[in-house]
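Data first, discussion second: the structure below is written as structure tokens.
Labels A, B, C, D and E are assigned to the chains in the order they are written; within every chain, residues are numbered from 1.
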């Protein structure tokens, strides 16, 4: 059961990663990258690492994504 | 186009290395030497039920100090790179229109978020979580404050204080370890207390609190610095 | 004792607390930072002292109070103390240097600075793998921040490149660490090392990842574009830190982890280091931007050190000494250079010509350049010496070649740069001002270099005998450099004379050395005397001249190979500075230096082979080379021949001697070249006469000598520049000497000695007098002179006597050499070489005539009608030398007999007999005294006869000649001098076609083009740099583990 | 080593004989030359008349010290050659001062006179002097190459550089002359001799037509007399050197006169047959045929 | 389980590297880094996984039992650190990107080639 979920999430994270790298729209790419982190934190949970999962969720998918958006925002403001 | 194929070729080489790494990995049946020691003695030596916390704060507390230092460095660099100084922040810049909802919601939610964050790092030695996610949660609270209250500069000083005091506190607790216990960052400055209780595991809760505050402050600093970057006089 | 952990605690605590210093305490933060750095320096210095003075166990710091591997431990041993100390010192000095920049940027930058230095301390001390990673990250993030102290686009780009590259590298390290943990169950470095992960095919991959990432941190060529850009764009103060401190720390990490994989991996490390050393320096040759050039040089030096770490198995316990010698030199010199670069702030190395405005800065610059190349008395000299000796002992020729080639290439650009600073005429000189806080650290580093050099010299085998007394004198002259010429000149002459008395008892029984000591010291006094006619202070001349003489005399005095090489390099350095003083000497001084370094490295290689043969450090070891003896002797000969300017290695000489100052030319020609002769003599005496290799070498050298004379003489005949003519003449004369010595018989050597002494005498005269005339007339071109015999009769007589000696015309002493020569040639059976020598001997008349005719005879030029005789300060030494010539001519046996007795033991038969004043060989006989009497008497009689017959001879006007049926009025039309041997050139000019020059030009162009081609990889694109890093990993993997 | 007055006087006598023979020889040659071209030529005593005239001329002009001393150097070169060559074999009286040096001394003493002359002429400031000297030196460098090779060949053959010993080795009848025992060396040396005497085709140095003035004009009167004297001595001395080296030496003055005459005649003979070479042509020529012959001479004795 | 996770990790690393090496947009390159880092984190945690064991949080002190109950806590501790370091580096890179953008008004990596040779 866990194995199936793991495979599913693994594939999902790869797809997310692909989108993050290849999608034209930077916002979408950033969100995709945040999703990869989120999937990763699920994988951490599956690997019996709740501490890591929490940190990854809060920092990897939360804060990092936020900072990306902040910077993107700044850049767009300038471009306007 | 040729370049992409070259890159792909090189990545194929990296793939080969990763494949060899994958083949070298055979899973685990039992714990390794160090892990086994931690599992057997961690709880009794350090008094923390969360072994990861025991490692992060005590056994490898020095790493954590370095890690906090990295955040500290990043915040410091970002602020001097983006030239964020108090005097650069114009006090009466045009106030961005924030939604009523966000404004009032933040007034309720921010304290709650702070409480959650503090809870996470205070209980770091008992439950999953700890200084880092706790700090991140606090930072997200600050973020909300930034969003809702454009005149964030008021709290900038507070953040600086929190940052310094928690950092210095961390180091001082470490030094106390040398003075009163076995070495730098030894948690047995205070008694280990009752296993599983909040006030147990020596100074781990204090250290983790400092870490949490420090992380929160640094992350807030980073966020604040980037958010103020637009004020830079070009 | 303050515990090492306080370095970290104090630094971090201070950094954290600094944020609290509000506006009121703002000025406190820079002092707080300096105090913190000072404290760190104090702690590490105190531990260093402790370890050096007492034998005590390594101090281990347990964090968290648990034993490793369960918690992180730090270690403070002598090595850690040394590394943290040098890091903290450069941190402190760098802090002082950057004082104002940091203050301008604010407390945040100071925190970063402090944390940066702290992180390097931890990197050195930690014994935990992951902790190492964390603090390496701290260091690189801090670096990325400090780069931005220079707030400009270039710095930003460089920082971004740095971040991307180090991001990839540290991730690879992380993977390596986790696998090392997986395989060994521990993160402790000692545990991981003990686990011997390199042994298994499965676990070796962790070893690979750790090695490759640590190596990549050291910026190996060619995956180092990101690192070079940092040096280029960052504030030089930061460049100094990265080069001196970060690189040292990274190197120590490599050293810590060196034994991770086993011997095979050490090989890879050494190869990577070697490639970096050579490649990075090679690319540097095309570089014009000072900071970037320093970057290449830094990376090259670190490559060398990496290589040394990789060779640690071969070097054994010497490794520490070697590495620290080279490291300290690199550290101090590179920091100093970066700081200097910050002071001067030139975009182009040509802008460093501005340094001339401040002799002290120039002195510092020279110190650093020489330290980097490995000249004495700097620690790198001793390090390289030991390195080569040890490598030779193990028979690692390829490594020796790599090191020497790399060092040579480094010399190419460093000396070009130094030359620019000393000499280049450049329009866009930057204005710079020297602030105390910027110059102070540079001085400290220079002092460190000298102090450490003197400190380590006794630690080298044989190094305790090095005589520093002459060097002290040089320093003293530096100190009084502001005084007027006549005082310094008197002091210098006095010093030399005192040393003569000092050294005479030592050498009394060693005639070979005594003769050369005589040439060097007496020649020194006489050539220095000419200096009295100069005015002003002549800054920098006397220390350098004395340095050259110190080196020369050191060569004589040395009994060990180290002392010899030490003095040899000293002499080279001194003479380089003397030569480059000339007005147009820049390119010539440069090529002199390059040939000298090349030659010195050939000698070093030869010494290495000699040492390896019997582990004997004395010069006598040359007599007992049993490892590749022919190669060793050839290399040594080539090394010495760069100084004697033999054919193929001669192209530096004409310019160097021709363009030098009027009294420098005789020093470097009559005196300096004899150092090469002395070396050759020593070498030949030690060579095994029975071996075929040695005899073949002599045979080849004989031909080289003969051809050198021909090319030298013929080139001289076609010269229009008086001093260059003399310079070519020197080449030819040294060719005779080489030939004579190569004959390796009693007679040959006597001829060699005769030539040596003669050349000293007449070339000193000629260069002194002609130099004086050139100065008087303001031109080097002989066709612009003429008729000087009327204005300068004393000069004329001096030159006349000299050219009679050069021509070998009886009865003067030149003939003694010729006569000995032919007897030696016949005895040896080198008939064709002999014929060639004779031919070139006659060719010599062409230039001798041209010299004396063009300058002294013919028509006096209008603009020279008011010229007076040259200064008495030049004539007096010249006439003293003429007295020497006369004595040697009339009583050759006074000098030749003792020489003969001296060299008799070395040669089987004593071929020369004496019958009173008559010398006899199996072929012929010669009686110098009688010839002198006969010729003298006959000459006087004939002269009397002519005087009696033409008692009423009347002196007539200059233009009173009939010339194509009219009387000329302009001297120019009747003074035939320009291209006087046109017909001869038409017939035989092909002999002097500049083939050798073309050859060296092609070589240098080739090297530069290769450099130019290679540096195209540094395209500036950060993604490409990242790609290089990844490619480097892949290629290294495929080579090391891919089964290829 | 004999420094006595007697020795000195005998040598002076020898010098006198040689001078007069030299003058006679040159006038004879000029007569032969004239006959070949269908003229009568000068009387045999003409050189003496010239000499007396030159020495007694009253106009004496000098350009300076070196100009003045130059001829002395030149004469010293000729006299020195004479002094250091043993003239008559087996007679210590006529061996002059040859005990003080060997063949190498002779080879190098040639330069003594040349150098002095060159310097003296140069001081005259006459541009043609310099041109002539530069050509002379150029040509001389290569003239000496076959000569050197020949001398080396002799030295190998006889294992000595002493002229007396070389002559002694040839005292076994005509077949023991070097001419027969070492023909290549002889040929090389004789070719070189052509250049040394400076007759056509190697007389561009003097260039009788193109440079009619120059040194001979600048040097006049006593100076020219000295030069003429020297010419006479030098020709005989050089011929005597060749005689000693290649043609068995001379047992008496008579033999010396015959042999030197023939040697001198050889050069004049060639000169009447061949046209003049330009300087680079003669330089190259001496480095071709004569040099190769000289090399063969050495190789044969290796 | 751990095999799936570790291969996901390596795949993400490759994907991230591909992004770093091939993308022209600086933000995309930084995104590549975060994915690369995430991959490494997954690999690290996977390496510490022990089949069928629980998270390293103990209820009671029981040494011998604990050793058989939990997965390896060390890699988890390391990953915690690594995540935070990654955040620091990412933030710093983004600030660099911001500044670079201000310099040239472009996010294209090819516009930043002023330093070369």
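Quick notes on this one:
Definition applied: contacts are C-beta pairs under 8 Å (C-beta built on N, C-alpha and C of every residue); 3 or more make two chains touch, one makes a residue touch a chain.
Predicted model only: the values in this text are computed from it and were never measured.
Just count the C-beta contacts per chain pair and the biggest one is C-D.
Averaging Cα coordinates per chain and for the whole protein, the chain whose average falls nearest the overall one is C.
We define each chain's centre as the mean of its Cα atoms; on that basis chain A and chain E are separated by 11 Å.
Between chain A and chain B the centroid-to-centroid distance comes to 19 Å (mean Cα coordinates, whole Å).
Chain C and chain E, compared by their mean Cα positions, are separated by 50 Å.
Remark: chain B and chain E have CA centroids separated by 16 Å (rounded to whole angstrom).
Within chain D, no positions touching two or more other chains are listed. Within chain B, residues 7, 10-11, 14, 21, 25, 32, 34-35, 38, 50, 52, 60, 63, 66-67, 70, 73-74, 77, 81, 128, 130, 132, 219, 222, 226, 229 each touch two or more of the remaining chains. Annotation for chain A: residues touching 2 or more other chains are 49-51, 55, 59, 63, 67, 71, 74.
Chain pairs that touch one another: A-B, A-E, B-C, B-E, C-D, C-E. Here chain B touches chain A in the complex through residues 50, 52-53, 120, 128-130, 132-133, 136-137, 139-140, 143, 219, 222-223, 226-227, 229-230, going by the rule given at the top.
Chain A contributes residues 2-3, 6-7, 9-10, 13-14, 17-18, 20-21, 26, 29-30, 33, 36-37, 40, 43-44, 46-52, 55-56, 59-60, 63-64, 67-68, 71-72, 74-75, 78-79 to its touches with chain E in the complex. Residue ranges on chain D touching chain C, taken from their complex, read 1, 3, 55, 58, 60-66, 68-69, 71-72, 75-76, 79-80, 83, 97, 99-105, 108-109, 111-112, 114-115, 118-119, 122-128, 130-131, 133-135, 137-138, 140-142, 144-145, 148-149, 152-153, 155-156, 159-162, 213, 217-218, 221-223, 225-226, 278-281, 283-284, 287, 294-295, 298, 302. Contacts from chain B toward chain C in the complex involve residues 6-7, 10-11, 13-14, 16-17, 20-21, 23-25, 32-35, 37-38, 45, 58-63, 65-67, 69-70, 72-74, 76-77, 79-81, 85-86, 160-161, 163-165, 167-168, 170-172, 174-175, 177-178, 181-188. On the chain B side of its complex with chain E, the touching residues are 4, 7-8, 10-11, 14-15, 18-19, 21-22, 25, 27-32, 34-36, 38-44, 49-52, 54-56, 60, 63-64, 66-67, 70-71, 73-74, 77-78, 81-82, 126-128, 130, 132, 195-196, 215, 219, 222, 225-226, 229, 234.
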